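Look for subunit A in each of the two complexes below; its partner is subunit B in the first and subunit C in the second.
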Partner chain A sequence: MKKRLLLVDDEIEICEFLKSFFEDRDFQVMTAYSGVQALAKVESFNPHVVLLDIQMPEMDGLTALRKIKEKHPKTKVIMVTAVETQDKIEEAMRAGADNYITKPLSLEYLEKDVQEKIDSLAGV
Partner chain B sequence: MAIMLFHLRNPRTVLRKALTGLILFFLGAVSAYLVSLILPQFVAGTWGTHPLMPVFVMTLISLVAYKPIERFVKWFLEKYLFRRKSYAQMTLMDLAEDLRTNLDLQELANMVVNTFGEVLRLRNVALLVPDATRSGFEIASSFGWPIAVSKRILLACDAPLVQHIKESGPHVVVRSPLLKSLSWQEANEMGGDFDVLRSGWVVPLFVREDLVGMIAFGAHSPDMVFDESDFHFFREFAEAVAPCVRNAQVVRQLRNTNFQLQDSQAEWFQKTKMSAIEKLAAGIAHEVHNPLAIISGKAQVLLMQKNRAPLEPHIEEALNVMVKQTRRAADITRKLLMYSQESKSPREWFSLGKILDETVSLVGYQASLDRIEISCSVDPELPEFFGNVQEIREIFLNLFFNAVEAIESEGRIGVELRQAPEAGIIEIRFSDSGRGIAPENLEKIFNPFFTTRHAAVGLGLFVARQIVSRYGGAIRVESQAGEGSLFIIQLPCRQEETAGSAKIAPLGKVLIENES
Partner chain C sequence: MTASSKDPRNKKFDYQEALRDVARSMVRLRKPDRLLKMITRFIDRQFGLHHTTILVHEPSRKRYVFVNSKGIRRVPVGLVKFDADHPLIRWFLMGRRKMPFGQDFLLLSDVKKMQNKAQFRLAANSRASELTQIQKTMEMLKVELVVPGYFKHDLVGILMLGGKFSGRFFTDQEILFFQTLANDCSMAIKTAEYNNRLTEKNRELEKRLAEIEKLRHKEQRTYYEIIRSLAEEVEAKSPTVFGHVSEVEKLGMMTARELGLDLSGPGKDILSAALLLHDVGKIGIPDQILTKPGQLTDEEWKVMRTHVEKGAKILEPLSDFKKVKEIIMAHHERFDGTGYPKGLKAAEIPIEARVVSVVDSFHAIVSGRCYREGRPIEAAFRELEHCSGTQFDPVVVEAFIRVIRKEIAKGKIDVPAAQS
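Right after this comes the complex of A and B.
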């Protein structure tokens, strides 16, 4: 079974390089550029892990996070933020985010974290 | 010329001096004439008729008796010619006249009690004025009182003595006859008020119906009595002084209101400024971090390809630098954001040295552009501090900005964190080689909106002082124009918390390690 990963960020470039990075590592990757798109892709694609940007047009990351967790509590969501204010982070963690990382990203750390989340899913 | 000066000062004094002089001259002339008549009767021979003999005798007499006679003449003049006022009364009335232009309540009160006490030879005198809340009367200045005691006295507005004065009006209140006229219970309570004021007499200061103050005094001996004319005089004195006291009170109130206004204005300004910076910083961070993430991400992707095909060393190094530098750029905006966020977080244990390092990294670049060298020395034994990181960071930042502005270009900033000689106090010594502070500004630099620069608001040091005082600490400055400044901040460590929050302290450390 291929590992499925959904990348959600309104910056296309960020989605692009993350996509190529994870595809190189044998992931099946899809991208979305807004919260609304993300929700639709979660339904059709059923990813193991979602990388979710907080600040986005249409629907922001926190709202998307709540909706994803409501329908698919098993799906792991890692929040990606450009601006981490303490209250935003706390809000995300309360809403069920599994972790958060800040931009600029350390790909090494990100890969490790995503892998961990998938391992924990397999374990269940 | 001397007479002209006296004339300008007080015509009465000139008149008094002239009259005294005239009488003394007259007395001298008469006695000289008498001596020259009587002398030959007592002294036999040629010495009796020698022309220098009366001069000799007169010199002797005046050496012995001049002073007492002069005093007597003055007393006589005051008593019978100048409406029977004593020397003490004259001094006090002169004082009342001088006070008319004095608007400083403290100075005015000092002058009243000291002159009163000295010229009437009293044991103690106190001038009472309404306190800030107007709930009672406190001692504005005292004579013959231990200072520590006088500061603690507060006579409530509903105290029997105050009530009595409000009913009886501007009459001098005398202890013993008043107490005798009251029932035992009332006398006991009223006597208590007199005891608190250590006084036997109270002179109320009225401005129309308003009781604006009281002069309370006690004598050395219980036998000391003032007669009706004295009381009349006290009333007259009170009438002259009361408006001065009232004016000074009004001025003091206005001044206080003005300070409060400035303070709240400064606070509002600070809040607005911070929330504006926060919004700006958040916006910048968002806009800057995304491009940084792309640059860094692409560089990392390239770096990871070396597993398949080795990279040329100089390309690999360049990519590494790109990753590192984007992280650094992001750190700066992150710090700016952290700085601007309002201090919502509660107090915690942290290392002052770490906050200092962070602040230096934030201002270091600007400083190096201005060729300013920053050196820090932190006592390794320094205990952790319990407080709000944001607030402490603000103190450091404001001091740094202040120092950088003072230096302009080329110079040194030295920061020392150490334990003060006194136990339980952390000392921050912040020195710069800037232009220093002019002596006349030393007092003002911590005032809100005080600045010597055109483009500045003048809140930095004010905010620093506000924060320091929130921690029960103190900030002071030593400076000489042209020779730099030294700011010394003393912050008390919360000793009692150290024991109580032993569990919290290590947690704080773990958090900090995680971050780094």
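Right after this comes the complex of A and C.
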């Protein structure tokens, strides 16, 4: 079974870069550019892990997080924040986020964290 | 002739010229981020690489951030960082001389080769595991060549290059060019950082100076108020001259305007203060002399005349009032040079002091003094004209009489003499 990862960021360039990064690491990757798109992809793709940017137009990351966790409590969600949105981390963790990561990020740490989340799912 | 210069691709490219271009741009561009953008674009176009990426040290955060990237495998700006303890950063932080094989760049092909060489493991000691991680990082980012940029001993930035579209290897000449470029950029970044710090420090200094200046001004203002009340006290000693100083100030300012003196800037305050405070030194004159009815003896006059220096002395601590002090010091000088304390002559006497002298004398004539009754205005004019050229500056006397006559005609003036 391939590891499924959903990347959500309104910056297409970031999605594309991380997509090829994780595809090289044997992930099956889908991308979404807004919270609304993310919800639809969670339904159709059923990812193990969602990498969710906190600040997006249409529906922000926090709202998307709550909706994802409501319907798919098992899906692991890692929030991605920029410096200016760091105050929202606590809110995200309370809303059920499994971890957060701050931009600029360390690719080694990102890879390790996503893998850990997959492993924790396999253990269940 | 090196092998690389025989390559038809490289023949067209003049490395020296390119570096000169960069040097020229560095002088023109004050913001290093624009320089870096220019350089990534330049490498991307010139060499046909999968990507060109620059990392720059953020000293305050102890990390290296991907600031610029071009090409199809580019790294989005601001997304990725290397912390200072990242194996790749540690490798370059070791410094040039300690680097295995004395080279301070890393080619992915070399790294792979090194991994397999027992000889290298000996040279690198505990760095073998680091090299494994470095290889992983380079593969992760699709990087074929990593070139560090140093300024003095600081690792300022790192240039990361993807492979060539042509599949060829980087030549020695190309690598040397990238090294020179990376070090030139490092110098530009450090210089800009230094300049920014300097500008900021300057701004801070200026702010502090302004604060000090404000405080000093406030202090001087307080002192000035004290002196003014002293001047009023002098006046209060002889009730007959009550209102003298404010009257002198009013007439003096009018005369100055008539003379066309520059009263736009601080000149106005200076003259006003001089007119108000010209006799403040009298506070130091004994009452029996100051308020003595009738003529003063020679001895008493000697004492009386010291009020000029005493006044100047009182104003000494006010650095803003240096000019005021000069005027007060000279307000008993005479136009023909027979006045006191210095015997200054004509233009040697500040024009403001010449004004004070005329106005003060006029007012003394028309208002009652303790030693005699006041006289009519016309008599005062005659007295001024009589002493014009000896005691007074004729130009000032003329302007003074002209302005007073105008004021009387307008019914605006109310000198005590008008009643007698």
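By our rule, the second predicted complex is superposed on the first by the 120 of 124 C-alpha atoms of A that agree within 3 Å, B and C clash if a C-alpha of one lies under 4 Å from a C-alpha of the other, contacts with A are read in each partner's own complex, and residues count from 1 in each chain.
Going forward, contacts are C-beta pairs under 8 Å (C-beta built on N, C-alpha and C of every residue); 3 or more make two chains touch, one makes a residue touch a chain.
No experiment lies behind these values; they were computed from the predicted model shown.
Peer 1: Would subunit B and subunit C fit next to each other on subunit A once aligned, or clash?
Peer 2: clash
Peer 1: In the superposed arrangement, does subunit B or subunit C reach more residues of subunit A?
Peer 2: B
Peer 1: Tell me which partner A:Glu11 touches in the superposition: subunit B (first), subunit C (second), both or neither.
Peer 2: After superposing on A, A:Glu11 lies in contact with both subunit B and subunit C.
Peer 1: Quick check for you: in the superposed arrangement, does A:Gln28 touch first (subunit B), second (subunit C), both or neither?
Peer 2: neither
Peer 1: Touching A:Gln55 in the superposition: subunit B (first), subunit C (second), both, neither?
Peer 2: Touch status of A:Gln55: first partner only.
Peer 1: I'd like to know which partner A:Gln86 touches here: subunit B for first, subunit C for second, both or neither.
Peer 2: So A:Gln86 only meets subunit B here.
Peer 1: So, does A:Lys103 touch the first partner subunit B, the second partner subunit C, both, or neither?
Peer 2: both
Peer 1: With chain A superposed, which of the segments 165-173, 237-245 or 363-371 in subunit B collides sterically with subunit C?
Peer 2: 363-371
Peer 1: Which positions of subunit A sit in both the subunit B and the subunit C interface?
Peer 2: 11, 13-14, 17, 20-21, 24, 103-108
Peer 1: Which residues of subunit A touch subunit B in their complex?
Peer 2: 11, 13-14, 17-18, 20-21, 24, 55, 82-87, 102-108
Peer 1: Give every residue of subunit A touching subunit C within the complex, in rising order.
Peer 2: Its residues touching subunit C are 11, 13-14, 17, 20-21, 24, 103-108.
Peer 1: Which stretch or stretches of subunit B touch subunit A in the complex?
Peer 2: 282, 285-286, 289-290, 292-298, 300-301, 304, 323, 326-327, 330, 334, 337, 341, 344-345
Peer 1: Along subunit C, where are the residues that touch subunit A in the complex?
Peer 2: Of all residues in subunit C, those touching subunit A are 63, 65-66, 73-76, 78-83, 86, 137, 140-141.
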